[in-house]
Amino acid sequence: MALVNRLLMTGAAGGIGKQIREGLRDFATHLRLSDIADLGVAGPGEELVDCDITDAEALRALVKGCDAILHFGGISTEDRADLIHRINIEGSYHLYEAARKEGARRILFASSNHVTGFHPRETRLTASSPIRPDSNYGVSKAYGEALARLYWDKYGVETLIVRIGSCFPEPKDRRMMATWMSAGDMLRLIERMLAAPRLGCPIVYGVSDNDESWWDNSEAAYLGWRPKDSSRQFAGMFDHLPPENPTDPAVVWQGGGFAKAGHFDD
Amino acid sequence: MALVNRLLMTGAAGGIGKQIREGLRDFATHLRLSDIADLGVAGPGEELVDCDITDAEALRALVKGCDAILHFGGISTEDRADLIHRINIEGSYHLYEAARKEGARRILFASSNHVTGFHPRETRLTASSPIRPDSNYGVSKAYGEALARLYWDKYGVETLIVRIGSCFPEPKDRRMMATWMSAGDMLRLIERMLAAPRLGCPIVYGVSDNDESWWDNSEAAYLGWRPKDSSRQFAGMFDHLPPENPTDPAVVWQGGGFAKAGHFDD
Amino acid sequence: MALVNRLLMTGAAGGIGKQIREGLRDFATHLRLSDIADLGVAGPGEELVDCDITDAEALRALVKGCDAILHFGGISTEDRADLIHRINIEGSYHLYEAARKEGARRILFASSNHVTGFHPRETRLTASSPIRPDSNYGVSKAYGEALARLYWDKYGVETLIVRIGSCFPEPKDRRMMATWMSAGDMLRLIERMLAAPRLGCPIVYGVSDNDESWWDNSEAAYLGWRPKDSSRQFAGMFDHLPPENPTDPAVVWQGGGFAKAGHFDD
Amino acid sequence: MALVNRLLMTGAAGGIGKQIREGLRDFATHLRLSDIADLGVAGPGEELVDCDITDAEALRALVKGCDAILHFGGISTEDRADLIHRINIEGSYHLYEAARKEGARRILFASSNHVTGFHPRETRLTASSPIRPDSNYGVSKAYGEALARLYWDKYGVETLIVRIGSCFPEPKDRRMMATWMSAGDMLRLIERMLAAPRLGCPIVYGVSDNDESWWDNSEAAYLGWRPKDSSRQFAGMFDHLPPENPTDPAVVWQGGGFAKAGHFDD
Amino acid sequence: MALVNRLLMTGAAGGIGKQIREGLRDFATHLRLSDIADLGVAGPGEELVDCDITDAEALRALVKGCDAILHFGGISTEDRADLIHRINIEGSYHLYEAARKEGARRILFASSNHVTGFHPRETRLTASSPIRPDSNYGVSKAYGEALARLYWDKYGVETLIVRIGSCFPEPKDRRMMATWMSAGDMLRLIERMLAAPRLGCPIVYGVSDNDESWWDNSEAAYLGWRPKDSSRQFAGMFDHLPPENPTDPAVVWQGGGFAKAGHFDD
Amino acid sequence: MALVNRLLMTGAAGGIGKQIREGLRDFATHLRLSDIADLGVAGPGEELVDCDITDAEALRALVKGCDAILHFGGISTEDRADLIHRINIEGSYHLYEAARKEGARRILFASSNHVTGFHPRETRLTASSPIRPDSNYGVSKAYGEALARLYWDKYGVETLIVRIGSCFPEPKDRRMMATWMSAGDMLRLIERMLAAPRLGCPIVYGVSDNDESWWDNSEAAYLGWRPKDSSRQFAGMFDHLPPENPTDPAVVWQGGGFAKAGHFDD
């Protein structure tokens, strides 16, 4: 049975969008998908909208009539600062304004583990751990999380903040054995977000039940989400590689290569 | 093999008493059952006693010869203040006095999640979370918990304080998907209480291994109790109902309807 | 300038009442004083009322027209359990009901350090430390604290819970060097309670700025209360006594003699 | 003796800039002051620069040759979202880039208590408390704090993040009795920032030693800053006003009127 | 595939050494085993060395060429203080010096739950709980843990500190139902230690997934170790014994008989 | 008035011993002073003993008849490992054995801030912070602290563990502005140790009330010790020196030069 009438996903042509698009159909009567990239052909119940999230007017029209929003749109890696500002910061602001004005009451904000990427791997993080962004990208996600909290405290718009680890079909490197999130676990998390009697504004690390684990989601156990997949199905995948150096910044910090990299615009 | 010789259960004709009565037989050679309501016919090893827990003399006679006590007697919902005071507060006091004088060293005190019902659902509680009762009933259970602790610190009487969620054959509403406790898990908890080398005076939330979870019992992991049932067997049971309003006080607060209700005596 | 129009103090003929009565006159236009013991002659602005706090009707009349209440009435030491139940538990309940019905919005509840008297002296306590009563008296105060919290969460009645140390003109024994509270500091605390824009329901240990200190009131720093007196003015007062035994229960536990004592009714 | 050679203050014509300008002269051989508003006549050792912080080129020239920066420039209250984004967010980014490229190693970032304004007054905050902005202005300061932390973790630029309370010559309303910061205490804090052997990237609430206190700066005690002034010199200043309503959102939340206000752009 | 080229185990003829020797072969191309007791016949890939760990020179030769060290050598129970000092303290120092000088970068230090044996069973411990040794043996392990940390912070030698519970083929008494660790879980832990990209210097309680649990290893979840065995396979093994006395010091304290025992040298 | 009859100070010819020797006379009827260095001429009430703390027999004779011990003897800086082991580790063990056997019930153990010297300066430490020694010397003090705790938990010997900062007549470098402890504050701490009704086994950082502060002693506030001196009397003393480099290991870590130094025996 559908959990909501009309569900919007921004960034639907992106890496995560493609993985979960089909699975989302069970959750809503109407699934509105938007992106600036090609979305292909509309499936049953799908509405495809070409929308640039930096266009406040277009965004408001996009949001109109939607009960809930999965906001995966925007830049999902380090990039030029001016683009990060325009797309991730101003874009997120326009989205929240659209939601407030159009009465969309529940949002998934696709944040990132790079909001806390400058913590050492030995430090176990919770939703209350200090912000330690590892990139301008991470800083923009810290902005979005603060914005989401404001819209909850002041306007009653609920947000599930997901600090996504690595949501790919399979881990691409050794680090992702710890950070991998399956599409199935993402879908189950979205189901809980839509079904919860009260969502509030929790912060959840988006990660499967991997053996290596840096993050503790127990503060959000009231949502009832329990990841069912695990990177242990990929055990041994990187055993042929030479051992990593424990003092390499990409190994020291949770953010991996993001923490190690220099300034993008240099 | 029996864990104790004679085990007393007060309130044996109540909702929980009926569910666990049969299962208790394995734990004790003699099972003494008391209530003011009809207890039916005595089964093998059972001793049935008609006893009013507001009668200190009768209570002392009831406790005499018992090694351990499961104190489920008293009022288990909001009610008139004068009854709450007489039955839950004075009654509990008489029970602890009887235990102290008669040498019963181990007690299960049936407390309630309503001792902390005015915490929001987003707050994960432990045994150390602040008391926030949602009713006069909840306040009376806070009294009982304080009393139990005194009898442990001063007189060495051990108590397992169980803040029971919703111990019914099945959840009765959406909220109970989070608070439900099976009779089987209650019995396994009682088994651990009776078998533990050292009980002390722990506080445990009485709840099964439900997906939605508000309470963290890890402080009492030394008891070795792991719930085996889960409300997920009832998944979808309330899907036909309209979505709940996240700002309804009965949804905001853990205590649900208890927190929302006005004053009983008005 | 008066902070409230009419201020009620119950237990006004008691030890603390006598010490602060005169100082309270500055805080209110009308000072209503009640007790079952003789209150002497009414001073300027004083209204004397002979009232038994176990009489709910009389209590409601007493509270009528009062803006704030200092509830010092009741038993202030260990005593017979039946008296503790009738006076401290039922009496407190009647007082809160009177306040709720008559619209008195702010209450000082005279709780006691004996609510946490079974903590060792080496343990530094805050408002969040677990309840560990050292006596039936302490248990009755735990009841009152839980009740006060309920009336704040459900009915918006604000309470300043004061876990009073030893409020006497001077320390009476070695232990009171740590627990002493001057009448002046009590008065300053009451002034802050009456003047605070928002009181809420804080727990404050009532103790002066003594060198020896077991309690940390920083959680309530928003009240703006800073004790100005200190037991160091009595330094050396007990030096002529032989050293105390560090394993004496009255020295081990914060509750002192209350923790050491056996059961009152035995 | 000067602590640094050349010290830059942005926003020098603003409210705080005017109060501390004279006092800063002792800390640096050269004091560079910038604003878009009129800075008056240069005093001894002062360099006045008309600079718009949204102009990255100009900002880099401004920063060139400076050892440390006091970044008070930008919008210091709620305002239009587009201005907040351009001035506070992009402006702060340009400033940090200028510092990184020009080798200015130590920055004071003028953050605000409005970064955490949606905490209740009863909650005592530390540098580790969760972000709860009360306005778009507060969200922009959360961005700036995250940015500062990135520049410390990745590039070694040290920042003193000051969550300023109310830095005015005297409190303007009842709430400021708790949030007031004297210019003298601000100057002493800047002195410690410049003199500290190692600054790191601490978060400090900018507030004097007021009796009413919501914030605990002990995590930053390594700086050696101890405020010396207190709003108690203004005691009674607002006693002629009627009592505040404890359930008024401007009284419930630390952010006061910022938390209560609706959306600026509506 | 081997995780390291040459792996050294000291104390290889001891109780744990015997249980895991065979399993270790998979982890290393060469397995060097040392002890002062008889090591039997060398298996494939094994190198047997007769070495006294109090001999610094011999120890250095032993460590030469090894990539990682499992340091199980020394005294593993309470004993004469002079032996504890010479073997466990000076011996551990020599081992760490040998590792530093010979470039062995990763060590398992066999610490013991007796480092924290004077905590009550009701207290759930983590890696951050205070040291409370229950014996001179426990004090010597506290020394070793401090030493390991120094070698990590100063010299970059990584150590897995394992506070071993009871690593025997099966539990020997009631207490070991809580403290038992299977050889298989020890081997899996060693595998994680050798495979981890970054080990650091974590403290892990060496215990299987027993129902009764006193210890929380979640701080070290980044290692990816999840015990798979449990003492519940031995359920009922001690049911024929009389109930234990909850006030017996061997039952009160986690250290059991070690905490109860008097001084060894008396 | 004397607090004890006979008080022993080991290491009395050392740096701290010389500063406090005269002040100690008020605390005891007999002051026994020991060292291997010259102690000069005995003053009134003084007993001078030439004693090597590595001689267990001599140590026992030294302790005989003493009510309390100030154990300042041993090596107080980094040194050869074999000396550290023999003097600080075995020496401390012999001292505690002597105290246990001779019935000396209260000891001051001169520990050191170098037990936690590998914490960054920005980290505020308490008695519960993890051990992070910065030297073999620091490791030996960690041993002594663990030993002291054992003797309290098992044998009831009380110890005041003082992690001394820098107890010199005046700070010798910039770092000591934060770590300086006056002789007067040391004497006042010893007075509280001798006068406390119950000492237990607290850990206290030995430091005056300096503005720069890394350590929080509030857990031991029950002792009633409040330092009265401050390094602010030496303000400006090191202003003529060039600024320190915030990334110099001697500035990053609390242990200063101890943390920066290589291995002593190399």
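As written, the chain order gives the labels A, B, C, D, E and F, with residue 1 at the start of each chain.
As a working rule, a residue touches a chain if its C-beta (ideal position, glycine included) is under 8 Å from a C-beta of that chain, and two chains touch if they have at least 3 such contacts.
Just so we're clear, the structure is a prediction, and the values are computed from it rather than from any experiment.
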Hop distance check: subunit C to subunit F, minimum number of steps through touching chains? 1
Select the interface copy of A-D from among C-D, C-F or E-F: the correct pair shares over half of its contact pairs, counted by residue number. E-F
What's the distance between the Cα centroids of subunit B and subunit D, rounded to whole Å? 53
Between subunit A and subunit E, the Cα-mean centres are separated in Å by 41
In subunit A, what residues contact two or more other chains? none
By the touch definition up top, name every chain pair that qualifies. A-B, A-D, A-E, B-C, B-E, C-D, C-F, D-F, E-F
List the residues on subunit F that touch subunit D in their complex, please. 120-122, 124, 174-175, 177-178, 210-214, 216, 239, 243-244, 246-247, 251-252
Subunit A contacts subunit D in the complex at 81, 85, 89-90, 93, 97, 100, 115, 118, 128, 130-136, 138-139, 142-143, 145-147, 149-150, 153-155, 259, 263
Residues of subunit F touching subunit C in the complex: 1, 156, 158, 197-200, 202, 218-219, 221-226
